[in-house]
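What follows is a group of structures, each given as structure tokens.
In the two complexes below, subunit A is the common chain; its partner is subunit B in one and subunit C in the other.
So, the complex of A and B:
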């Protein structure tokens, strides 16, 4: 590969269990804490940052605030004057911000970029929030006037699997239970102290209501306030950074590969397009293959995956789309314990969107930060042993925008 | 994935049977007093952590009622699959004998607890741990008269209410507790139950309550002079606490407040001794059944009246409609700074604001810093432990953070100005950062 290397120097996330509205905080505070925490964790001076990219889905709706790029500067006076921008691709906003920042590094424009993913969602009640999230679909056709449109759309993803290959809800319940179980090990996960069991997730009950279609509450990711900041660097900066910390440059993780694809925005159109394809979401599959190809890796070289489990059905889809099983056979990996921490291919050791939480615009950045933690053996109690290369998959809309990364050395 | 074969032949077992999450039934916890607030809270915690829980109460009906509460806390009916119910009379010997952990959560009555411990001593397995949930009783005294094995396996666990929300926890060994037992319990509470814990000394009220109730009672003592709304506004969330102090006392309950401050007042004699004396108007109120939020008609500092919120007039014992206090410029400035995450700047405002009102706010905040850090080596081992318990047990700004934000030098100067003791750890700090955590850890304690 002739492409210049893009290094990841780490960063930090806020505690996803916090409710920033309850703290009476503006989104500026959320971003500020993540930036200051990221600078502290990566041991980088604010004055060294040359460019900043913010991933955010809908602050205009949730917080009545646009122009989030500029809010990066609120963290430290030394950031004054740096170029900033904000990126939006629904739940994939964070990954798009990473792509933009890494492109600038590859182009040689800057040596050190900061990427901030942020969403403040607890400003509104569940129904209003569900409606806002509907704008990630084709709102007028798929969401307007529908209560909780997204659970219904991802319920249909499950239905499509059911139609093509068969799908048992018990496998979805197991996916939920694994994510919650992993989250108990993650001190920043939103659900770290919540009760969950496979039995609870298997049944509709007073405390586990149907939200839409076949999707129960236990199948859903969380409504989360959260922000994440990470730092991407050129080889020039990374070499100096490694020297300063007295470590070998080779020990710093890189973005080894990336994939970025877009499918038709309407779910119906996606399904129609993939009718004769073994993969239900072929563009998502392609984004993963692109990332693997650019990284020059095969699945066998991947130690773990952080995937987009906005619902259990999206993780079910990710299992075969990553190639862990043949198309339609994701259930095998679920039954055989492959996806569990300690399994052959742990998925979401962090707890994922279901367990760790899903601050929409922050999720893609959180996934890459968790991948960084895994490959630098700093993931604490949710560390995957000897993780060398970790893949991420971040999805916007109903499988519309797909971004994948391979992080490692 | 290491190789192709690993997919074909993956490790079996799955979610509920990994070594870290043992299958239901393999680890048993018995909860005595399972129908109390801490009993149900503890049952939910242990079950959520994967344990098999036996909930014992005076009779099965009480235990069954408590189970419904546990299901409500867990927001799951299925949690019942990990829970057995029983009564002391019928089930105590058998369940205690089979338990790895006996978790006593009876009322804070030393005689009652001791009577149960005699039974536990008789039936328990030799290597089982016996934990008492207490918010400040002497652990050593409760162990008196018990067998050597019991004493070695006995310790206190102080959960904060409600435990499924508040992660801060104190583990309190007594002099005879086997250090390995303390370590085992601490690891279990931290890793399995998600507790943010410290090991506290077996002294009255332990560390968290000792420090917090000193400030809460100090503010309660100021009520006759300054009034309820004014104090909760002046020393409100913007001074580094999730909830205003008098509202906190109402939530805790005046009777619980009394039990804690009386215990400390009777059994300690430190630099803040007079501040633990329960104000007369509170004694009077408690006699009349005024216990705070748990006695809605009688009320506490606040009461919900027909025309909205009313507040107590300490002199007359009557209620009057609550008035919106302030605005006071420096208080509003602090709140606005917290709203945008500028905690250091907010503390600068607190440090420099002019006037008697700012003096009062500073005196209380600095009194907290002084008293908390003076407990290092007495109630807790380190300032980090004190920071942890104040932050995760009370949602109060850790004293170490307040010192770092205000500057150690300025803090010492202010402490002297207000006639407060300068803690040894501050004199020794040499300007080093006191707080060991990240900048991401304490923002939640500064409410906008």
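So, the complex of A and C:
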């Protein structure tokens, strides 16, 4: 069935290097900065926004604050009264918010929706934060009493690749180095001034300790404070918006396709279910295929990918699950430079979660904003040349919720 | 703009008197019982469900578990792979999940959606639970360090009525007594075997202590464990469903209309904004009007109401905000017996939040399930005679998020 088009009008993200707790600022201030920045970047008046959807993982834990949807209103009095809601699927919360907003536009309920992804994580120390992240897995079975459960879970993803196909840690180190290198070009990336070479990422050292299983510090995405706002519009609104900016409607990017699938919560259940499947996470593969099918595109028409590298192993998984290589052969794309800026299929030109930062509930929205920037040739120093269609993959839990988008014209 | 119809095929709720912590059961088991009960009640196979939406307020706090959408899959292996998500707007989370699911059906994304509302609250003592509920308000400004912030906030709603129009506590006591009385007819109500007369509710006593401000224990809804599952369908699915049950499509209830509005988070900001408005919570009033307008009905066509009596003051507010009386004159409907079973406009035949129970994230779904039961004449001892169209009102925070539905044919 053909869907009404959902257009993306742009948006803004906060500087992911900032620490909002150190600045003594409430999560409402973090959201406000993204909202006001987004309104300005997209040249939209607050009073035009008809509905707002917030993606957030666990402000109840990190900030002892729920009901985050309503906090959008605090950004501008003109927003008072609009419908708001908050959506969650762990680290895929941002994509879930985009799916909810775009469904309402496709249904004809509203013409202009704001989507805000947000997470304030630097409110607690690393051990407590690691425990909170454990609530994205089956806490009682996979996280309770375990220090840093998620690096261990994604370490096991690497182990599963190793068992089925073989996996060399040097390829994971290369993935880390590419993300760090790309992030240096992104003026809002958390690690833009950090140092991480491939040789540094390859070695276990006092500066690069084992965090869990085969996962070293250099394999991990960051603890990040950040918010991102984007604006989605119906064709009616987009046409008027294009007219007042004196551009063709066809120049505005849109959500060309999306995919959304869920696998069993426990990692062991996932692996058991996929035992005879060439893909380690077949539901993730299916979410990507669904997005490509709805967008009516093949991988060859995709210019770049923003994927969920919460750990290097999840990017390694994404490479074959997107179909860049055959299953289990992701290392070939790593060795051949395919995934680098300037390569045949750049992955995470922004720096991804490892380089740009991973404010959990904001990440899916940040990916789509970066895809928008690429296809509108406004990505600055991390621009992929002639990017026309960009795909995203956002994952919640240990591969539990998978959301993919194709953004372009 | 005319929307595609969204049909309701039924569902099930758990026994709201149960304590799942005492039974040593995980929140996944609570959800599972509602899902399996709902599938059986609606005569749907698990493999037919195409998408699932979970309404939950704060499992992160109460159960130290996030990512609840994915836990739906644990109910039946046939659900593996379906898209899932969790939606939140404090005590209106259940309605937000219904809005998200119905938007996807209206958009043509899916033909059969499951909506599960769930909250497991008896995991902590009353003081800690009261603090958790404070995250539905602006925690730092309205709840931090305050014992039981929500009774106090809804006490202030009563105070605001008192200031503007006068308010007698005897009318609040009558509202409590009606809800308790109705709940005795509901075999799944938490208080079905409790004793609460109007005279008992009227008196402050050692058995009926002041909880906060003018709010006594008898004015409060309960701390409840509960889950509810309902099924929403497109016209395509509903037609086939009616055919195999050998009934007319027209006999299946549908969501005739909905409203969804947000007021400023802080209670003082709400009152300041509405100072010159005849309605204390004008955005709540607007959500109801929006639902009536979309359903193309007036109050006279509504047979009964399931409203959000988190406290007696919120039901008092609902009476004039639904237009049953003029603003400030809710007491007239109370005195005249309008709101009782057998009255001109029965409110909460189920017993409402005060009588049936208030598992926060489940309440909006429970209201719509009870509306379904009324309009299909399957409400048993709390059936409203010849109920054709039933309205619901579900509120998050201190009147912050308001969602209303009209259910019927």
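Operating definition for what follows: the second predicted complex is superposed on the first by the 408 of 409 C-alpha atoms of A that agree within 3 Å, B and C clash if a C-alpha of one lies under 4 Å from a C-alpha of the other, contacts with A are read in each partner's own complex, and residues count from 1 in each chain.
Heads up, the rule we're going with is that a residue touches a chain if its C-beta (ideal position, glycine included) is under 8 Å from a C-beta of that chain, and two chains touch if they have at least 3 such contacts.
Because the structure is predicted, anything quoted here is derived from the model rather than measured.
J.: Is this a clash or a fit when subunit B and subunit C both end up on subunit A?
T.: fit
J.: For A:83, is the partner it touches subunit B (first), subunit C (second), both, or none of the two (neither)?
T.: In the superposition, A:83 contacts subunit C only.
J.: So, does A:197 touch the first partner subunit B, the second partner subunit C, both, or neither?
T.: Only subunit B; A:197 stays clear of subunit C.
J.: According to the stated criteria, A:156 is in contact with first (subunit B), second (subunit C), both, or neither; which is it?
T.: In the superposition, A:156 contacts neither subunit B nor subunit C.
J.: Which holds for A:308: it touches subunit B only (first), subunit C only (second), both, or neither?
T.: Neither: A:308 stays clear of subunit B and subunit C.
J.: I'd like to know which partner A:73 touches here: subunit B for first, subunit C for second, both or neither.
T.: Only subunit C is touched by A:73; subunit B is not.
J.: On the A-aligned overlay, A:254 touches which partner chain: subunit B = first, subunit C = second, or both, or neither?
T.: A:254 sits against neither subunit B nor subunit C.
J.: Of the two partner chains, subunit B (first) and subunit C (second), which one does A:26 touch, if any: first, second, both, or neither?
T.: A:26 sits against subunit B and subunit C alike.
J.: After the two structures are laid over each other on chain A, how near do the C-alpha atoms of subunit B and subunit C get, in Å?
T.: Minimum C-alpha separation, subunit B to subunit C: 10 Å.
J.: Looking at subunit A, which of its residues have contacts with both subunit B and subunit C?
T.: The overlap between the subunit B and subunit C interfaces on subunit A comprises residues 26, 74.
J.: Can you list the residues on subunit A that touch subunit B in the complex?
T.: Residues of subunit A touching subunit B: 12-15, 18, 23-26, 28-30, 32-34, 36-37, 40-41, 74, 174, 177-178, 181, 184, 192-200, 203, 205-208, 299-303, 324, 333, 336-338, 340-345, 381.
J.: Under the stated contact criterion, what part of subunit C meets subunit A in this complex?
T.: 1, 3-4, 26, 57-58, 60-61, 64-74, 80-90, 96, 99-100, 103-104, 106-109, 132, 135-140, 260-265, 273, 283, 286, 396-397, 400-401
J.: Write out the stretch or stretches of subunit B touching subunit A in their complex.
T.: Touch list, subunit B to subunit A: 1-4, 6-7, 10-16, 18, 21, 44-45, 47-49, 71, 74-79, 81-82, 164, 167, 191, 193-194, 335, 338-342, 438-441, 443-444, 446-448.
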